[in-house]
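The chains carry the letters A, B, C and D, assigned in the order they are written, with residues numbered from 1 in each.
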Amino acid sequence: MTPRTVISAALLILGGAFFLAGTLGLLRFPDVYSRLHALTKADNLGLGFVAVGLSIEAASFALSVKVFIVWASVVLASGISSQLIAGAAFRAGVAPAGKAPPGEAP
Amino acid sequence: MPPWLAYAASGVSLFAVGMSALVLHGEVMRKILAANVSASGVFLVLVALARRAPKGPPDPVPHALVLTGIVVSVSATALALALVRQLRHGAQLGPSDERRR
Amino acid sequence: MIPPIDLLLATALPLIAWRVLATDELPTSVVLFIAFGLLSALAWARLDAPDVALVEAAVGTGLTGALLMSSLRSMERPRPPSPWRARAIALVAAAIAVALASVVALLPRGALGLGPAVLARSEESGVAQPVTAVLMNFRGHDTHLEMLVLLAASIGVLSIQHGTASHGVDTAPTSSVVMMLVELIVPALVVLAGYLVWRGSRAPGGAFQAGAILAGGAVLLLLTRRMAPLSLERQMVRMFLFAGPVLFFLVAAVPLGFGGDMLEYPRGWGGSLILGLESALTLSIATILTMFFPQGAPAPRRRG
Amino acid sequence: MNELHAGLAVFLLLNVLVGLVRVARGPTFADRMLVAQLFGTTGVTVLLVLGADPGRSALRDVALVFAMLAAIAVVAFVQLVPMGGQDRDR
């Protein structure tokens, strides 16, 4: 076991842990807004750690660039789409947990 | 049981699930989804059969068939959906539809 | 011994398909169907069919989802089937499944199929990637006829929609966030499609994958009203639509005049001819797939 | 396939399958789209992990296609699907 394989294995496992956190948030959080928050953040970080882990493992520049492009597109797309989903839910009058629906008197 | 056989069995079950839903449900949208599921089952069986050799590259001919098959099945789906929209446009469905507007 | 991931995928696929079809609410079915497409892409990946996985990724995540959502308003009321009928049908389906599965299980194990034959002659095809060689050379006539099927379907969709043009998509007003996404992602999709065509001669990729990706970008533009609806009245649209099939026809027919066989590529020209043909097919496939999407209200007619 | 990769891929796939519970529970269509989002990110990660296998490097291109097209379903959802209340009263 070289230090490189240890580091990359640690990063892969850490990435997996973030995905677990995201899934738990998706299942346990009370409303669509908090679920959105938990899921997108945790999963993008999880993907980031896995991507770095795989790049360190393979130690190839071309590969790292491709993996980075994949990660960047996911972060961009999921950041924007989570904003869109939240906006659509809010306009449709979905109430945040413990609050009155938007646009109605409390 | 080799992995390809598991996928082939999965494909056969997909085909059966899709076919029974196609016969069972009256809604046209659901029939379209069911036909798509059946098609996926057929594709899965074909690609699984291409992987029968224990090592070496898989058979490229079924891959080519499935690849174009996916695109053709999207076109069939699109044609069916266009017909559904036209059907609705002609029928101007009742109150359930008004509510969504 | 089956690796756990294969067991998981093979079991999950029929279960999700069953949920897709049994769920009461259609929007839920549509989301589950998108998820189903993703899992099938993983199955293609595990079965060493990256070409198929690419098409599934492009078609399943982009086009099919958008198409289904564009038709969600056409929902009918659910009509729950009677339970005894459901049971009878399930029984028949199970019997058919068992019969089919036993046929599949009886097929010779370890068969190589046509793989060795394709590999042995890949030198002559002009391309090193076996799936591209099959599509564009060995079974070129199949691919040509498939293009004609696609063309026929797109003309069908267009003529059906003709009467209901005003009932195509009525999209919500576009927010600046969506615009930003579209501006960033559409140019990237064009580059990605070009990369896949260029790579198609040596590695997984090609006209069908690239065409589906371009169509995904075009659907984004249609959804945000950045692109005028495609109509046959626009010359550009007609050119793109027919470029692939017409070029394919010429490539097929010209050798006949010189005493060759139909679709016989001149020696040494296979590679370049296939690349040119693939580029034209990419444009045609992208245009056809985009036409499948409801085009919305027709743009005011412009002349000249 | 190295064991850590195999384990990670199975673990991520299980995450996706457990996430399907949220599709069933809803309650709003936005919740369901959120799960489609989860599928996208997790699916990309699984493909990258599978693509690290020698001889399967083409799967990274599949991951790239997924990553770039994942947004289309969400944009289609926002632009096309009327959410107006029909989910709220369930």
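Miscellaneous remarks
Heads up, the rule we're going with is that a residue touches a chain if its C-beta (ideal position, glycine included) is under 8 Å from a C-beta of that chain, and two chains touch if they have at least 3 such contacts.
In this text, all values refer to a predicted model and were calculated from it rather than measured experimentally.
By C-beta pair count, the most extensively touching chains are B-C.
Summarising the inter-chain layout, the chain whose CA centre lies farthest from the centre of chain B is A.
If you average the Cα atoms of chain A and of chain B, the two centres end up 30 Å apart. For this pair, chain B with chain C, the centres built from the Cα atoms lie 12 Å apart. Each chain gets one centre point, the mean of its Cα atoms, and the points for chain C and chain D are 20 Å apart. Within chain B, contacts with two or more other chains are made by residues 100. Touching two or more other chains at once are residues 3, 9, 46, 48, 63, 70, 73, 178, 181, 185, 188 of chain C. The set of chain D residues that touch two or more partner chains comprises 33, 35, 40, 64, 68, 70-71, 75, 77-78, 82, 84. For chain C in complex with chain B, the touching residues are 2-3, 6-7, 9-11, 13-14, 17-18, 20-22, 26, 29, 33, 36, 40, 43-44, 46-49, 51-52, 55-56, 59, 63-64, 67-68, 70-71, 73-79, 81, 85-86, 89-90, 92-94, 96-97, 100-101, 104-105, 107-115, 118-119, 130-131, 133-135, 139, 142-143, 146, 149-150, 153-154, 156-157, 160-161, 163-164, 167, 208, 211-212, 285, 288-289, 292-294.
Note for the complex: chain B touches chain C at residues 1-10, 12-21, 23-30, 33-34, 36-37, 40, 43-45, 47-54, 56-64, 66-68, 70-72, 74-79, 81-89, 93, 96-97, 100.
Interface residues of chain D facing chain A in the complex, by the touch rule stated above, are 4-5, 8, 11-12, 15, 18-19, 21-22, 28, 30-31, 33-35, 37-38, 40-42, 44-45, 48-49, 52, 57, 60, 63-64, 67-68, 70-71, 74-75, 77-78, 83-85, 87-88. Within the complex formed with chain D, the chain A residues making contact are 9, 12-13, 15-16, 19-20, 22-23, 26-27, 32, 35-36, 39-40, 43-44, 46-47, 50-51, 54, 57-58, 63, 66-67, 69-70, 73-74, 77-78, 80-82, 84-89, 91-94, 101. Taken together, the chain A residues at the contact with chain C in this complex read 73, 76-77, 80-81, 83-84, 87.
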